[in-house]
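Each of the next two complexes has subunit A plus one more chain, namely subunit B in the first and subunit C in the second.
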Partner chain A sequence: MKILCDRTQLQEAVGVVSSVVPTKSPKPILHNLLLRVDDEGITLFATDLEMAAKTRLDAVKVSRKGLLLLPAREASALLRELSDPTVTMDSTDQRCRIESGGGSFVLLGEDPSQFPEEIKLVSNKRVELPAGRLLRMIQESAFAAAREETRYAINGVLFDLAAGCLRLVATDGRRLALSYQNIDAAQAEFKVVVPLRALTTLSRAIPEGSKDPLQIAVGDKQIEFTFGKTQLISQLLECRFPDYEGVVPKAADTSVEIQKAVLESALRKTAILCSDDLRMVKFEVGDQALRITAESSARGRADVSVDVNVKGAGGSINFNPDYILEALRVCQLDQVRLDMSDDSMPAKFTLGESFTYVVMPISGT
Partner chain B sequence: MATARTILHADMDAFYAAIEQRDHPELRGKPVIVGGDQPRTVVSTASYEARRFGVHSAMPGVQARRLCPHGIFLPPRMDAYVAVSQQIRQVFELFTDQIEPLSLDEAFLDVTGSQALFGDGEAIAQRLKAEVLAATRLTVSVGVASSKYVAKVASDLRKPDGLVVVPPGQEREFLAPLPVARLWGAGPKTQQVLQRARLAKIGDIQQQPLAELTRVLGEHMAVHFHTLARGEDPRAVEPERQAKSIGHELTFAQDLQTRDEVEAILLQLAEAVGRRLRQAGVSATTVRLKLRLPDFTTTLRQQKVAPTQDDLELHRTAVRLCRQAWSGRPGVRLLGVTAAELVPAATGRQGELFGEPPDKHTRVLAAMDAIRDRFGEKAIRHGGQRRTSTPFGPIEGA
Partner chain C sequence: MIRSLAPEVVNQIAAGEVVERPASVVKELVENAIDAGGRRIRVEVDAGGCERIRVIDDGDGFLPEDLPLAFASHATSKLSVLQDLDHIATLGFRGEALASIGSVARASIRSRRHDRDAGAEIHCDGGRIGEPQPCGCPTGSQLEIRDLFYNTPARRRFLKSPGTEKARIQELLAELALARLDLDLTLVADGREVLRLPAGQSLTERFASCFGRELARGLLPVERAFGELRVEGVIGEPDLARRDSKLELLYVNGRQARENSAVHAIRQAYREFLMGGRFPIYALTVALPPDQVDVNVHPRKAEVRFLESRKVAGCLHETVRAALQGRAAAASAGGVALAPELPRARSGFPDLPRDLFGRADGGAVPEPTAATSAPPVVVRDGADRPPFGHKSATQDPAANPDQNAGPAPAARPNPFARANGRFLQVHDLYLLLEGPDGLLIVDQHALHERVVYERLRAEHRARAVTVQQLLVPTVVELHPGEKAWLLEVAEDLAAEGLQVGEFSPSAMAIYGVPAVLAKTAPERLLRALLADDGADARPRLREQISERFHSMACRAAVMGGDRLTDEEIAALLQAASTLEHPHNCPHGRPTVLTFTHGELERYFRRRC
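For the complex of A and B:
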């Protein structure tokens, strides 16, 4: 193959597919990117066998078609360093010569026929929404997913499409984040769990606030995201997601409305003095005031009171402050609401128009 | 004894109560009683103000309240006391590594080898008192002597904030004027016997020939008191004798035959261990199983667990270990369950969104403990002892 193309565009395309390349794999061939050059342009493809990314570059002057494997890390590092607006790639016998701005580099590839095949997803379960919207939904849910790799942990996010509403739900068993979006035209229904890693990779490819359409297609074992000329396909997690609707409180004895910045600041301050073995702050809701306290037998005490709007009886409840701080970090509202009942029942935070967060308190003190 | 030893006994003054008074200035100068605040519980520590009313450790709360009706009764804050105990331990470690903790608030230190660095026993004791005060704002009483027994008697003599040094060779004179109740091992019964023999002071015992004492006390006790009264106590300071584990084991009159029998006994053992963990305010992070067959082959197995003091969690782990350790062939002679790698129990518990609320289960255990406090250890047991499941779910692997 031999091509001439815009360096920035090629660098971006290589960056997108490189994000799925494993850093360490028992199959070294997976450290490569596959480039398929046809009459009109290049298709770039990479996979770690759990997910795969594919993108297309059309603004290319093709002199000779062909297939090529390029070491991903070296290729992206090199393209980042080059400064010329264009780049020429010429390959024979698994050796690729890259020329740009007076420099000449040879990258040694491997046999393209040994590289895994692209997966074609067959599905009629499709839904479309603005890419920036899905990015927000991922941000509002994924942080609550389990990070530890235990047997019962679900290291993924539930995509639940039913009755024209797409819900993204994540939980580590102690808190649960739910972000939803109505999709009027959606006829399809699915309920699948997508690995966190796939969503992290997808998020990197979507610009914040993008209005461009993004398609989701769901098959038996895979999910495919199509955004512009880029496709990301991932295996689904085979696990039973718990009944999340059952744990979202429907009613509350007490509702507290509070400025997000005020709550965040109060929590940051009190969290400093939580004890090491049990990260815990106490919320005491009184008459139009919220008092947050923490105590560490070894280090000291914190006591912060803030003005809030209270409806209902008031009461006290203990939380892990990190759970709330993590959620506030992705919250875009100025004013948030906390609905709570018993100090042993889940409490609900409303952190966006379509962003609900449920936290199980710490009890038994 | 080859060389004279120098042993310190350091004993914090009214430890729990002093911490409460330190942390809550409004309690200073007032009769503070830690423990005994709930029905059927006993006093853990009384401040010196409360002791003036006759309140002392291990006294039932009801009685303490009668003696000291305006006393301030507080629930124990074990995590705070454990934290201070660790600070004190760090101070001790400045002077020697030969430390034998007896509880959270007292320890023996053998400083024989430290005197070249820090001066004699008295100088070390003074520095230790100052360092403890600086680190914790609490006072400690210290006894310095050539044996553990005499050092312990000495530390108790001028509480609070006392320092009593018994120079080598003066043990007999030091002990002579003290009442026989100060003898280690002289409980109320023995004291009565000694009173009747007109032996009121330790000095009286020192005067008695061993034969005469033997007539009164029997040979075993006579030798023990005869030796102690002269201030002789050859016991060495044993570092790290603090409870590192809590365990129970049972040897059976008839070997157990079936899995059901074995697992039912494991539940019984787990309940006993869990109860003691909760009483001690600690959680296990390792569970050990001991299993002995009729031919005396003994197997030990252990597994790490998330900190727990839950009977059923201990049982589940013990059952899992037992399934690895025992083929199921009939005949088990002995079973033991031990909770090890103990850590202070967390005071709260993070709730779970899905499944059995752990909090509910904790409340069940607390209720069972309360019933046992009131009606005895056998008053209540977990059900399902002949089944492979419990009210809280199947035993894993069943």
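For the complex of A and C:
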């Protein structure tokens, strides 16, 4: 193959697909990117066998077609360092010569026929929504997923499409985040768990607030996200996701409305005096006031009272402050609401118009 | 076509279970000799026992008319009715050993009872039993097994080299000998005496004669009684720990036996004192009424089952733990008893005379302990004989510092409480201090780790138990046994913050986890508790919690390579001086190495 193309565009395309390349794999061929050059342009493809990314670059002058494997790390580092606006790539016998601005580099590739084949997803379950909206939903849910890599944990986010509403749900068993979006046109239904890694990779490819359409297609074992010329396809997690609807409390004894900034600041201050091993703050809801306290025998005591709107009986309840702070970090509302009952019942935070967060309290025995 | 097997074939098959290698023959024969009341037992083996094994005892001997039955299957004098199985006090009882051995070798017995004038002799060659012939012989029995496995070539091929088989026999005799200090045992291999164990040795002496002289100085005698149950024996200092579990010797009513929960309980007691991958050394016997233990669960009797295994495990744990924590305040803080596998030069001193620390000059006789000073007493018969037989029932309890009823033994003194405040940091890692007994070398990281760990633990103990409730109960599928155990201990677990309940016939649900372990996956936590089978539930859960403090402490402690100011060192030593267990870091690594005045003087030849 031989091509001439814009360096910045190529660098971006390489960057997008490189994000799925494994840093260390016992199968070294996966450290490469596959470049397929046809008459109109280049298709770039990479995979770690759990997920795959594909993107297309059209603004290319093709002199000779062909297939090529490029080592991903070296290729993207090199493109970043080059300064000329254009770059020429010329390959023979799995060797690729890159020329740009007077420099000449040879990258040694491997046999393209040994590279895993692209997966073609067959599916009629498709749904479309603005890319920026999906990004927001991922941000509002994924943080609550379990991080520890054990076989018991669900390291993924539930995508539940039913009755024209797409819900993204994540939980680690102690708290649960739920973000939803009505999609009127959607006829399809699916309920699948997507690995966190795929969502992190996808998030990186979507600019904040983008209005461009993003398509989700769900097959038996895979999910595919198509955004512009880029496709990300990932294996689904085969696990039973807990019944989240039963978990979200329908009623509460006490409702508290509070400024998000006030709550965040109060929690940050009190959390300083939690002990390292036992992260716990106490919420006491009284007459139009919320008192947050923390105590550690080694460090001391924090006591913060703030004005709030209270409906209901009031009461006290203990939380891990980190759980609440993590959610507030992705909350865009000025005023949030807490619905709580007692320390054996989940408490519900309303953190956005379509963003609900449920936290299980800490109880004494 | 289906046929009944000929009795010889049946016996050969049965032999496969009982007689695996020469050592198993020796074991059966020596146990028989002991059951027959033999006091002096001599074992001779040639070529690792493959060519010839001879066991001579001075026991009761056979009645001449019983001899033909000796090689018959399921013939025994040790029990007659089924009920006898409930209180077995002999080592053998199944009546299979001689029949099995006779079917795979050329065996002969010569025996004379003390009340007869003449002895008798009988041969059994590959299962064909001959006629008893009168012969002259001393009282007692003499069994000779030649050409083991000559008629079962398949098994013969699986024998290891004669050297290996001999070593196995030696090990086996040593293990048997530790249970019976009243026996006089000799092992002769290929004409050379390799083991000589005179009757009346103390357990410490015998342990050392069997497994190495240098072990003797690190053995602590222990003895506790818990109602009808008694635990007695010696345990090794943690620094004698080995990389394998060969010297974990557990005896039940004088019989060596394994029981997982008991072994586990002992290891747990050592846990804080040992590094990972090390196994303690000990010889402990559990004496309990015979109806409290089932010995007939394993063809080679290698395993037993206790009626109340948790209670036995608890008693063992308590005995060992108390002894380790209360290690007598020996002047040389034991820290210098370098692990035997370490080359001596590692002590910091060049590899010089062996008597530097090892006191090899005086033989291996350790400081007088209760075990060594107690007069040997010969007692026989039944489970009521004192375990290890080195002590009579009437002996004054005060003679033994570890006596059960007495107050807890004095704790090993805290070396930091008695240091004089002068110190030096070297290599940004070690602190040299002057203590009343000599020179202390401290690992700053290990010591600080222990300080932080104790602080976290104290903080945790002082506050109420808190539970991180789970949003959705975690359902864990379990074996019926695991589930039954969990239901039984659910209350104990709840008291430490783990809330579990029945979910379905085969599953349990976790509703809440201790808030300090909120980040652990609940199912993993539960499985960790189940994995440790045998010990009590609450301590296990506490251990899981402590484990978290270990890792927090490790991260919070000063590292090797951190240069400390004098004020910091003083503060660290001050904090260490109030510790209850200052000698090890929470992972079991030592915090301090002591060179006593005496050791320094000997090294510099100021004193001989």
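As a convention for this text, the second predicted complex is superposed on the first by the 364 of 365 C-alpha atoms of A that agree within 3 Å, B and C clash if a C-alpha of one lies under 4 Å from a C-alpha of the other, contacts with A are read in each partner's own complex, and residues count from 1 in each chain.
Note that in this section a contact is a pair of C-beta atoms (placed from the backbone, for glycine too) under 8 Å apart; a residue touches a chain by one contact, two chains touch by 3 or more.
A quick note: this is a predicted structure, and the numbers were derived from the prediction, not measured.
Q: Since both structures carry subunit A, what do subunit B and subunit C do when superposed there: clash or fit?
A: Subunit B/subunit C on subunit A - steric clash.
Q: Quick one: is A:K125 in contact with subunit B, with subunit C, with both, or with neither? Answer first, second, both or neither.
A: After superposing on A, A:K125 lies clear of both subunit B and subunit C.
Q: Of the partners subunit B and subunit C, which touch A:L278 in the superposed model: first, second, both, neither?
A: both
Q: Of the two partners subunit B and subunit C, which one touches more residues belonging to subunit A?
A: C
Q: After lining up the shared chain so the two structures overlap, which partner does A:A146 touch, if you call subunit B first and subunit C second: first, second, both or neither?
A: second
Q: Just checking: does A:N318 make contact with subunit B only, subunit C only, both, or neither of them? Give me first, second, both or neither.
A: both
Q: By the touch definition at the top of the document, which applies to A:P346: first (subunit B), second (subunit C), both, or neither?
A: Both partners, subunit B and subunit C.
Q: Quick check on my understanding: which residues of subunit A belong to both its subunit B contact set and its subunit C contact set?
A: Touching subunit B and subunit C on subunit A: residues 171, 173-176, 242-243, 247, 275, 277-278, 280, 297-298, 318, 320, 344, 346, 358, 360-365.
Q: Where on subunit C does subunit A make contact in their complex?
A: For subunit C paired with subunit A, touching residues are 455-456, 459-460, 462-472, 474, 494-495, 497, 512, 515-516, 518-519, 521-524, 548-549, 552, 556.
Q: Residues of subunit A touching subunit C in their complex?
A: Listed in rising order, the residues of subunit A that touch subunit C are 146, 148, 150, 152-153, 171, 173-176, 242-243, 247, 275-280, 296-298, 318, 320, 343-344, 346, 358, 360-365.
Q: Going by the contact rule set out above, which residues of subunit B touch subunit A in the complex?
A: Per the touch definition, subunit B meets subunit A at residues 77, 79-80, 82-84, 343-344, 346-354, 357, 359, 362.
Q: Which residues of subunit A touch subunit B once you look at their complex with the stated criterion?
A: 171, 173-176, 242-243, 247, 275, 277-278, 280, 297-298, 318, 320, 344, 346, 358, 360-365
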